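Next come two complexes, and both contain chain A; in the first it sits with chain B, in the second with chain C.
Let's turn to the complex of A and B:
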């Protein structure tokens, strides 16, 4: 199987660090913040690869470093150390995304990545119309024909089960579940090769959550798009992800097939997660 | 009086250090077309809204050999133009003209003269608002980062929304352009009529904003392209059949004014905004009004 993304020894900390950090932080110590210097080690030596077309889950409690990891893959947060290798589906030559300058990183992000945030206001501009928000990715890809932009935006709205006649409405007139669909429509606009989903259903009512998850599953099925799915909820992860990474206090403590993790969790923390998800 | 002023002030009012600093910023601005360069804007004995940014540029580059033209709203006789002209001549003693072709240095607000400018002329524009990104990013520091990375997606959404809301790219002035394919620049306060005349021009255009302390430039032969869509192209204010009531010109930027008939009524008429150009045409034999 060909890989799309390979994360190698990726690190991110918030703070200066001190010689005692390594000993005082991590899953065994049960914290990511060093009591000596106050530095948060949000992501320590992360290694994993992502196969083309698969959905990989990242699960862990709040503060375990999931969003930090996702933001680094989204090239919106610079890593302190490590590599994020990307192998374009159309050719073999892998590139290290961490080495890109701001300009090419933004280009890459717009072209190849799509992201959906937990809070819609992080992913959408509330001053623009829903259509304008979805169109942003097309405009960045140098679409310069309003008619064609609106046709494509309407198509994306239909695909994400949004009423296309509301293309010019403002985001604040949409419900929470609909705003997540708008974010998904925007993320898909450039036909990205990787979709990043950060707690997209947290904060939604259970029935709304189920419908958004159905939509993501359907899109994955139809487009065969590679996804990195972050959630604190193993119940969400197990519905979509074939493989899962378990994070705790900034480190990966377990990874494998989701079914296997559910059946036979190895790490005590994973056992805890599984028993509370059942 | 003239005599006394010349002794009281340094040539061009500003001290030599201030002039050198402005010239350094101008050099940078010319080297990176459309890129906003910060400069230490000085306080001058005129109100800020009257264009201290443009005035400081003019005072920093003017030489005793220059022939100066000052316009406001296309008019050499506007209050602002008269005041600025007086200040500059009193502190430099340079010759002045209303003839766009005779001037070596033109300080202006709102307009580029109708007659094509040459390579040996410099046009200085006083700018009230510098950054086109202010519509989508009020924080100046963040806007600077966006310019640095050519991060103009949000501005394009703004243009898209203008079309959707108004059915057209109806932005009267303040029209955004891409300069040399790299930097987005505001064309405030010139009308859309003048925007195409920045493109691949013979002349050096210098822009100064006193309040926002920024300088930028469009050097000769620089591509300047308005933001537009294939199905909603950029348009000037030109209207089919338009005509100046004074000189009969059909291809100029017109302004309208109300002409009272003395009996409490009157009518709106349109004439060239560039008053000296209009006068010149009137004076020439070819024109039969």
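Let's turn to the complex of A and C:
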């Protein structure tokens, strides 16, 4: 088995930290903010690996640190400590993403990563046309031929079940579910080796949620793309992820096969989460 | 991805279809972690032939009969109910048994004796509290399923261990044909070949063709169970775990299931089944384990 991404002892905190932080924060204490120094420990000692072609789910309540973890993997948030090792599919040597300078990080993000945000306005420029948004990613990946960019954009729109004739329409004329699909099209534009999905179906009604999830499942199936999926919804995780990590108060409290997490949860918080599922 | 016709020359990575240039971000290389499990270069995964499936196989040899496929040693499973005053329930305590290739072990006993828990511990839907489950894998050699990495278990589920749960649980938007073909898709079968195989299984299981594109959620209990069984058998696993395989089936379909089990055994599959239906499954099991 080849891993694509390995996260080793990753930390992110907001504040100076104090010697009492470790004692006073975490799932056992039920808080991620240290009452003595006020430091917020958004992510503490995260360790996991991601095999090529698999979907790993990260589940947890609001404020558990799952989006922070995703942002660090997306290189849009610097880690305080730890490593994010990336092993390119074409060679065996791993690269520590945390050690990259800004220029290399931007190149890496454009070449190898795609991200779909919970809110479309975070992932899309609402003043550009839909085609312009997808083209932005291709331009960053050094595409220059306008005809080819439009052809690739149309192809991506078809792939994500968007009408290609609306390539020049502005995003605000699209529905919420369609905007998520535009984000997916943009994320897939440069054929990334890792797709990051941050609460992609939150705020969508049930039938639209189902269509977006089906689309993601189909794309994963066809392209065998590796995905890191963040959600607070166990139903979404169950549908897409075969392995799952459970986070609470900035820490990973449990990880395992998704069916094992659902059927035999070990940690008290995971048991609460599973028993709270609708 | 580079623009087609772009003037920058690439050397392609062998067989990956990925440009082999050194990207800007690759300056700070570190050695690959020794913890990554690698497959032996050039090694191929061997499959066994499902009945009439044209599936590539490593021929089943009679000498394999002497080997043990699965050994369960002092298996104990406890559930700690944190939400109900932290009490502990232990349905499985120090169970030991082993099975050889082509064995069919029937586990029976009263409800609540831990029959299904044993199957789920082997499949790793449950984490065993104590004990060992040794499985002789074609991919990994002798491996403890209790301690194996999650990714290893997923690979074994795709290739070597099949499981049929008591109830079919599928997405309501997926057709019966795709549900039954899913294990083949996971093994990398081409869609057309997998569906041809799936149609054959649906026919053999007596599912009428006009239902093949419908979701099994709309089917009767017996039809759902047949789909569930077909999904477990289609990939011809080396070890098949069946949880109440004849529940909610009529007499005729029970006979079909018994024949399916016997055919799988003849192809080298070992079966562990859990059932109250001793009349149907007792005669085709060569060993029984009564839990009391």
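We adopt the following convention: the second predicted complex is superposed on the first by the 277 of 278 C-alpha atoms of A that agree within 3 Å, B and C clash if a C-alpha of one lies under 4 Å from a C-alpha of the other, contacts with A are read in each partner's own complex, and residues count from 1 in each chain.
By our rule, contacts are C-beta pairs under 8 Å (C-beta built on N, C-alpha and C of every residue); 3 or more make two chains touch, one makes a residue touch a chain.
Model, not experiment: these values are computed from the prediction.
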Fit-or-clash call for chain B and chain C when the two complexes are aligned on chain A: fit
First (chain B), second (chain C), both or neither touched by A:144: both
First (chain B), second (chain C), both or neither touched by A:89: second
First (chain B), second (chain C), both or neither touched by A:67: neither
Which of chain B and chain C A:249 touches, first, second, both or neither: neither
Chain B versus chain C as contact partner of A:103, first or second or both or neither: both
Which of chain B and chain C A:111 touches, first, second, both or neither: second
First, second, both or neither for A:3, with chain B first and chain C second: second
For chain A as apex, the angle formed with chain B and chain C - C-alpha centres, to the nearest 10 degrees: 150
Contacts of A:154 with chain B and chain C, given as first, second, both or neither: neither
Touching partner for A:271 - first (chain B), second (chain C), both, neither: second
More chain A residues in contact [chain B versus chain C]: C
Chain B and chain C, minimum CA distance [Å, superposed model]: 11
Chain A positions touched by chain B in one structure and by chain C in the second: 103, 144-145, 149
Of chain A, residues touching chain C in the complex: 1-3, 6, 49, 51, 54, 85, 87-97, 99-100, 103-105, 107-108, 111, 138, 141-145, 148-149, 189-191, 210, 214, 221, 239, 242-243, 255-257, 259-260, 263-264, 266-268, 271-272, 275
Interface residues, chain B side, partner chain A - complex: 148-151, 153-154, 156-158, 160-161, 163-164, 228-232
Residues of chain A touching chain B in the complex: 102-103, 106, 110, 125, 128-129, 131-133, 135-137, 139-140, 144-147, 149, 168
Chain C to chain A touching residues, read off their complex: 1-6, 13, 16, 18-20, 23-33, 36-39, 79-83, 120, 124-127, 150-155, 171, 173, 185
